[in-house]
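Think of it as A, B and C in the order they're written, each chain with its own count starting at 1.
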Amino acid sequence: MEHTVTSKARRSRTPGLFPRGRPGAWPIVSGLVALVLALPVLVIFAHVFLPAGDVWVHLRQTLLGEYVRNSLLLLFGVGVGVLVIGIPVAWLVSVCEFPGRRIFQWALMLPLAMPAYIIAYTYTGMLDFTGPVQALIRDITGLGYGQYWFPEIRSLTGAMLMLTLVLYPYVYLLTRAAFLEQSVCVLEVSRTLGSGPYSGFLRVALPLARPAVIAGLTLALMEVLADYGTVAYFGIATFTTGIFRTWYGLADPGAAAQLAAVLLSFVFILILLERWSRMRARFHHTSSRYSTLPRYQLRGWKAAAAVAACLIPVLLGFLVPAAQLTIWALRTTEQWLNPDFAGLVLNTFYLAALAAVIAVILALVLAYARRMEGGLITGLAVRVAGMGYAVPGTVIAIGVMLPFAWFDNTLDGFMRMHFGISTGLLLSGTLAALLFAYAVRFLAVSLQTVEAGLGKIKPSMDDAARSLGMRPLATLTRVHLPIMRGTLLTALLLVFVDVLKELPATLILRPFDFNTLAVRAFELAGDERLAESSSAALAIVLVGLLPVILISLTIERSRPGQTQRARARKRRTDDAPLALPAGAQAS
Amino acid sequence: MTEHPHQSARHAAEVVLDDVDVGYSGQRVVHAISLTLASGQIGCFLGPSGCGKTTLLRAIAGFEGVMRGEIRLNDHTVSRPGFLLAPEKRNVGMVFQDFALFPHLDVTGNIAFGIRGWKRAEREHRVRELLRLIGLSGYERAYPHALSGGQQQRIALARALAPRPQLLLLDEPFSSMDVELRTDLAHEVRGILRAEGTTGMLVTHDQNEAFAFADRIAVLNAGRLCQWDTAYNLYHKPADRFVAGFVGEGTIVSGRVCAEDCVETALGRIHGLLPGHFTEGSGVDVLVRPDDIELDNASGDIPAEVVSKAFRGADFLYTLRLRDGTELLCVAPSHDNYVVSDHVRLRLGFSHLVVFPRGKGGSEAS
Amino acid sequence: MFPHASGIFTMAALAAALAFPATVTAEGAGEGEVNLYSARQENLIKPLLDDFTRDTGIQVNLLTGKADELLQRLRLEGRNSPADVLITVDAGNLHQAKEAGVLAAIESQVLNENIPESFRDPEGQWYGLSMRARPILYNKAEVDPSELSTYEALTEAQWKGRICIRSSSNIYNQSMVASIIASEGAEAAQDWANGIVSNMARPPQGGDRDQIRAAAAGVCDIAIANTYYLGAMLAGDDTAQREAAEQMGVFFPNQEDRGTHVNISGAGVTAHAPNRDNGIRLVEYLTGEDAQRWYAEVNQEYPVRPDVPASEILSGFGDFKADDLNLSLLGVHNAEAVRIMDRAGWR
């Protein structure tokens, strides 16, 4: 009999340095992966110990209060905004029936494809004092500046609105998935207990979906903290702009890193909050019986209200800015009617797809190792690496460049000294470094999604597969992955779209002559040529559209009991009498 | 039912637990368990929830390591401190409380999951064979969520049996079934295990299920093995007060040893062989099973009053109160219908005595 | 997307296989190549680079980015950096690059002939490529140019609520304040920043073009912006922008004293350039007549070469006396400038 060693079963929840017995390969591999991914964030943290001079005194006297206040207000505003939009529309399209519901269920995800800085540029172009809307008002009324009230788009409120419009899909996406996964029994029980659609939503569905809501909210808020483009363009001083200003303007990396550390402590609180809510999720989804959720048919004014509730976010978050971009793009055909542009689109698509696959694989390795082992080091490293999502891309990029350049130059020095050959830069300035940065930056997205999906698979599934002769890897590929298909696609989509939009890390880490749509859009928009940048921005949106639609359909199909084949079988077997097996009675 | 003697001879494992401790995070859950389940037999861990029976089962499956002692399957050590043969290497099947059917696979996919290394024809044959055995032929392409609980349960069983495991473990597999179905299913599964010639080990908290299923039963309490014995012995010769109380119904009546074969109680003198040595005059507790007492108004000599009764179909279970307030359980045929507060007379019908030294309190048996 | 689980691992292998060949481009140190780190955006330099390749046969590998970040990357890559040439659009950045020791002094007859002394580093570590001024732009309908005199005069009470200027995060403003520190001292610079903040028509927002458009639309009367933005708006085909720009007049302040604040874009050859000679050739090319004319006509910048005329649009703004401050000082005083603006509450 072949003897191998496995380590402690997943059942024990208390993490140990090394779980009882000798550790198998999984914790070592996952621990290393997690540590490497945590490296950039740790490097930034290490800067905290650089002497910061008197910059802190200066900051405290001048802008620190504003950084804190604006960042917190922005978090609060966007937090409320994404919940107020995301949850109700998720409920409407999952549980109610009204005209256009089938379109809305994917259309509501469209703003995900819209980079925040692009939507900010676009709305500013339209609603600014010098833009067409206000110009029209002035033409009609004959009033001048200051003689009429018009909301100032480039304000804190404006930034909240812009970020809300593009970030609510996180809450929508995850909450909707949670609604769809809810066992019909629970909802039916609530109906038998006298809950109508509204109290059923408030008292049963929403509490059950809470972990998903919080996961979506956390992602959105982390994006808010990392956002630079929007707040910089609107001239709002936040932690992010403060980090840049301190690092480059005041030439003080130490103080900048300390600011970043404060930012990370915000994130840490967010993550704890999310963990805490996930803990309680274990008690959810006790029933494994699902069937098609009967939708509440909305009519009359209720249907109209539902349509309006779904239409407004899509309109403001996607259709209006996309239309404006299209108008601009049509005016600047030379931008996209050239062979370069197709290459640019392909380049971007390829990069985003690659990064998405890598991020999801890494997330799988880490999440699965945690499911099996719960090792302390892995767990901690995963948390640290996950913070990368809230760190502005440039900061992460520096965290990536530092260790990579150190490694390259050390190796080069060693080789020169001992062998007289130069190895040059092996990692720095390569696509690999860029992909690594994406993995760090977007690990939180893939990991949260994958962990949530994995958490829904009962541990007895693992045990069943193991007892049927599957090794852990085979269990992962033959049981977990197929069950998690929808989850994995969601994770792929989220990272894909995020990479598509990613700018700062791409800008600084990319190899020579390597451009993406985001870089092109930014360079032109940053030079205040909104019209010229619109083709690239529009292309980002269009490239992002395809997977958004695809994924949405898959998620709906991935709901337990929703496959076509299964539906057909169901009719046949449901009413079959429970016959006692003939063979068994003979004994 | 076709027998597979060659298979049972080759496959069925002898299970040995040798002084085993199991626990999580340094906390011992079960202590010093030693027992041997002979090849081809069917055993059972019986005990209240939290007694460690599932932990023990998982240790045998290889999902938990042991902190002391060792577990042997057919003389191969599979668990000892610092060593744990991976579950997938043990050739041990397991049926889970929640069945854990793979929702993405149909019935065939589920059953064939553990035998994908087999030749296609053999695999198909095996699936067909098992489906016939569990009486679900024709459900090959159904998906788990479209099946009833009982059907899912049988698919889970077939899936666990497909690779011809040397040992099949069942973790409360009937707990989600209707009460009436449980015993039937237990019988049925027992038949299937017999047909497959596999050693089996069941975990349950339901004694009827245990009695219906197992050749030998281990009664566990608070992580310790109280008794490893046949159902008959558990009932009639319980090793301790806990087993006496947990297995079967009965009442503990305090008494005093009056002779080598006699105990003086509120029921009068009970004669019978005393297990072990008791000094004359020492205080003891006597287990009185409902069937140790006969309700006989004609020739009974012990007066009692009916406190409550429960109709059980063929018979009534009466709770009776003696003059001194001692309460007893008694089974009587349902054609003798007394009502509450009726005065009746009893006769003793002990065939043997179950006596424990006087404990702290005369704990009421369930 | 993938039919079964092994698909994801196949994709991973594919990912690895595809990611690494790309490293080849970054090596880029072979014959007939030059590697350029450019803070000037791709579309504002690529045509020139294409011309360079056509004329010399030297392939240019381009990496664009923000100056600070390119400098950071250059520093970290150290002696193995593939970069041969660094181009920035602000003298402060050039100074910082020099301070960081990532540039090499070069001796070039051509460069010394092409570029006036005030537009190049005394030690030859960097050379100016184009120049821009940051004058006062005024709405012709609201402001009589005779009311204008110096930058300092903008802090007077009569301009309260009439000035548009962008955020202090922008390097152009930082350099502008740095220039005041350099010539008038930190205290004067602080007074100036305080005065400007109290006269702002609105909190700073948007870019230079936004300031111009706001002034044209009546949000304010004065905009401070770089000349090439106004030039590009006038030369561009966006009617609304052109009309806005046409409403604005250009006033070059401080003609009686230090002159109008100017800044340069410039280039330097890196300290560890693997293709040093090609790098020098590229910088020389960028100061050549054709390249300088291209800057003038396409980018609406002032050529650094005295023998190349400014574009018609820029010439229309009139001649002016430029601040002949040593541009390195812009970099020296940059951090101080940021602090001054922080204290003034200049967002």
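Annotations
In the analysis below, a contact is a pair of C-beta atoms (placed from the backbone, for glycine too) under 8 Å apart; a residue touches a chain by one contact, two chains touch by 3 or more.
Since the model is a prediction, treat every value here as computed from it, not as a measurement.
Comparing per-chain C-alpha centres with the mean over every protein C-alpha atom, the closest match is chain A. Ranking all chains by how far their C-alpha centres lie from the centre of chain C, first place goes to B. With each centre defined as the average position of its C-alpha atoms, the distance from chain A to chain C rounds to 35 Å. Spacing of chain B relative to chain C, judged by their CA centroids, is 85 angstrom. Centre-to-centre spacing of chain A and chain B amounts to 51 Å, using the average Cα coordinate of each chain. Counting partner chains per residue, chain A shows two or more touched chains at residues 478, 482.
Those residues of chain B lying in contact with chain A across their complex are 1, 24-25, 58, 61-65, 76, 82-94, 96-98, 100, 102-106, 113-114, 132-136, 139, 141-143, 145-148, 150-151, 154, 156, 159-160, 162-163, 169, 184, 187-192, 194-195. Interface residues of chain A facing chain B in the complex, by the touch rule stated above, are 1-9, 11-12, 14, 16, 20-22, 288-290, 458, 460-461, 463-471, 478-479, 482-483, 485, 560-561, 563, 565-566, 569-570, 572-574, 576, 578-587. On chain C, the positions that touch chain A within their shared complex are 1, 4-6, 8-9, 11-12, 15, 18-20, 22-23, 25-29, 35, 41-44, 61-66, 68-70, 72-73, 76-82, 96, 166-167, 169, 174, 203-210, 213-214, 216-219, 229, 238, 240, 244, 334-335, 338-339, 342-343, 345, 347.
Within the complex, the chain A residues that touch chain C are 58-59, 61-63, 124, 128-130, 135, 144-145, 154, 232-237, 241, 244-245, 247-252, 350, 354, 357-358, 360-361, 364, 394, 397-398, 401-402, 405, 408-409, 412, 422, 424-426, 428-432, 435, 476-478, 481-482, 488-489, 492, 507-508, 510-515, 519-520, 523-524, 526-528, 531-532, 550.
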